[in-house]
């Protein structure tokens, strides 16, 4: 009897701890048990990377923050849907979307032909150029031959990786799981340059205390479109036409009614929607 | 120092999550292990074969690769199996937490199988025969003779599995569970101070290991009343 | 499963597999010697030596390899005296960082196996050696060492397999081992099933080849026992 009681106490404590950490699960349980009505609107689960400031990142309190997070919330409000935002590593985003772990990706993912073969994209909601960054005062010649043998860091499975492989094949390409980790190695001196989104570099690195000694180098890239894509959109599984349609309409609506501009001005002094 | 106080709570949450993942996965592993051990010891050749396939395959592939396969493909696999019986209703919802724990539990269940099988086989045959001779039913033999002793004999091996599992929870950070390793990675990336945060994480894991060692020692002490004198 | 796709990228997978095997083999080789020194030190009469060896073992066996890899790779680039010294020439390369992490890790686990094996050597064998008037070195070479090696084999074969599996984590620091190669190919082709299954099979085969080799070795080294049984 004593053992059974002890066992029960352990189980209850574990369940309590579990629901303390995952409050969402608790409401799911209540819905399942019938104590709480499931909300009439469908919950849309949106995934983001959480390591790509200022677009999406996790702050010191563990909260998701960033331009795309605010944008996602505004879009959900427009669509009158409840949204749950989750994080997933960059590599796993498309596989997990296809495995139905969530319904939408909003993680600075550019609309490219390659990705369109597997997923659908909404209309673009931002478009920013790519650029190299290096230590201040370095005199790399940004050309295919100029970067030959130079160590260039890039986040893996991105448009920037493809761009480097096509246009700078002689550079030594070092692949990182997150952009943050590539910055760590730029500071550490393991790579000479990094190619990434210019806004992510500027706001996420150059403006921080660690980025003071670094600067952009070379031109901004928006071409070729077949590699760098046509801006960033929200990715969804193929065939979810309803969802796609409501996203496109919501993007148009927040562009029109000034919500986009309000969010934009919270983070940037220019329009990231691009051309 | 400022960073530590700012991101300390995050690590604390991660620590909590790590313990929870480890305990849940271990319980699941024990469950799978018991079933597979029973399957390996039963007379049916087909059941034996299935159980052997489980342990051979799982033990031959890195946990990380298994985790990637089961996490990303597992739900589809499960949906497929269920669709053999019933109309699939949408998709099956498994939270990332449960998916991670099920995967870890499934993987370490294969290791627990061997521990339990060793435990079963260490029980002297005479005792089982004696129990049957006393007229005990099969279930009663299992409940009164096999399980209490098997537990004792498999405890050292299970203790090892627990320690390995505890450290393997760091791997589930790579599929996105918000546990200690991932939280420290987030903090290290955001503050650009990996040295501090990974060191703290390592210290916390060491603390967990130290507590586990003491706990296992205590359990082993409890499970061997005969050895207590002069042993400790 | 798309065999054609896997076949098309098979050379890439082989390159990755080669890096995996290279890392595992080198770290096991160096780790084995370190483990012997450490295992002996853990049994030493000198408190300080014993204490040092045991804390080393506790630290590397008590924390996850992933954290160790991160610490050695990202942590080292933060320490200025390392960056100013000759060490940076080594630590600036991901390859060497991974090798160091794997070596230190396997050495700690193997040291525990060595310690267990030395403790399990029958006391009679050592006493017999002593009564022949063997010196300590001779005793070590003729009795302790061979007995330890033989007693270690079952546990060590597990350790070798564990290392093969643990090496799948080095992809976290930019190295393109077998697992990371597959992940990269998946992110390019999105054919996740095919590549994961392909590398699972490669790991599975390698694991059982290794365990087969050790079983043969065990059979050879224990043949005197089998004769007695027969």
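Here the chain labels run A, B and C in written order, and each chain numbers its own residues starting at 1.
Just so it is clear, a contact is a pair of C-beta atoms (placed from the backbone, for glycine too) under 8 Å apart; a residue touches a chain by one contact, two chains touch by 3 or more.
Please read these numbers as outputs of a predicted model, since none were measured by experiment.
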Labels of chains that are neighbours to chain A and to chain C: B
Chain closest to the assembly centre - both centres taken as Cα means: B
Centre-to-centre distance between chain C and chain A (centres being mean Cα positions), rounded to whole Å: 37
Centre-to-centre distance between chain C and chain B (centres being mean Cα positions), rounded to whole Å: 23
Between chain B and chain A, distance of the C-alpha-averaged centres to the nearest whole Å: 33
Where chain A touches two or more other chains at once, by residue number: 95, 181, 184, 187
Numbers and ranges of chain C residues touching at least 2 other chains: 74, 78, 172, 183, 192
Touching two or more other chains - residues of chain B: 72-73, 174, 188, 194
Chain A - residues contacting chain C, complex: 91, 94-95, 98, 114, 117-118, 156-157, 174-177, 181, 184-185, 187-190
Contacting residues of chain B [partner chain C, same complex]: 57, 59-66, 68-69, 72-73, 167-171, 173-174, 181, 184-185, 188, 193-195, 198-199, 201-202, 205-206, 209-210
Footprint of chain A on chain B - complex, ascending: 6-7, 9-10, 13, 16-17, 20, 23-24, 71-73, 75-76, 91, 95-97, 99, 174-176, 178, 183, 186, 188-190, 192, 194
Residue ranges of chain C in contact with chain A within the complex: 74, 77-78, 83, 92-94, 172, 174, 176, 183-184, 186-188, 190, 192
List of chain A residues in touch with chain B within their complex: 14, 17-18, 21-22, 25, 28, 50-51, 53, 57-62, 86-89, 92, 95-96, 99-101, 178, 180-181, 183-184, 187, 208, 210
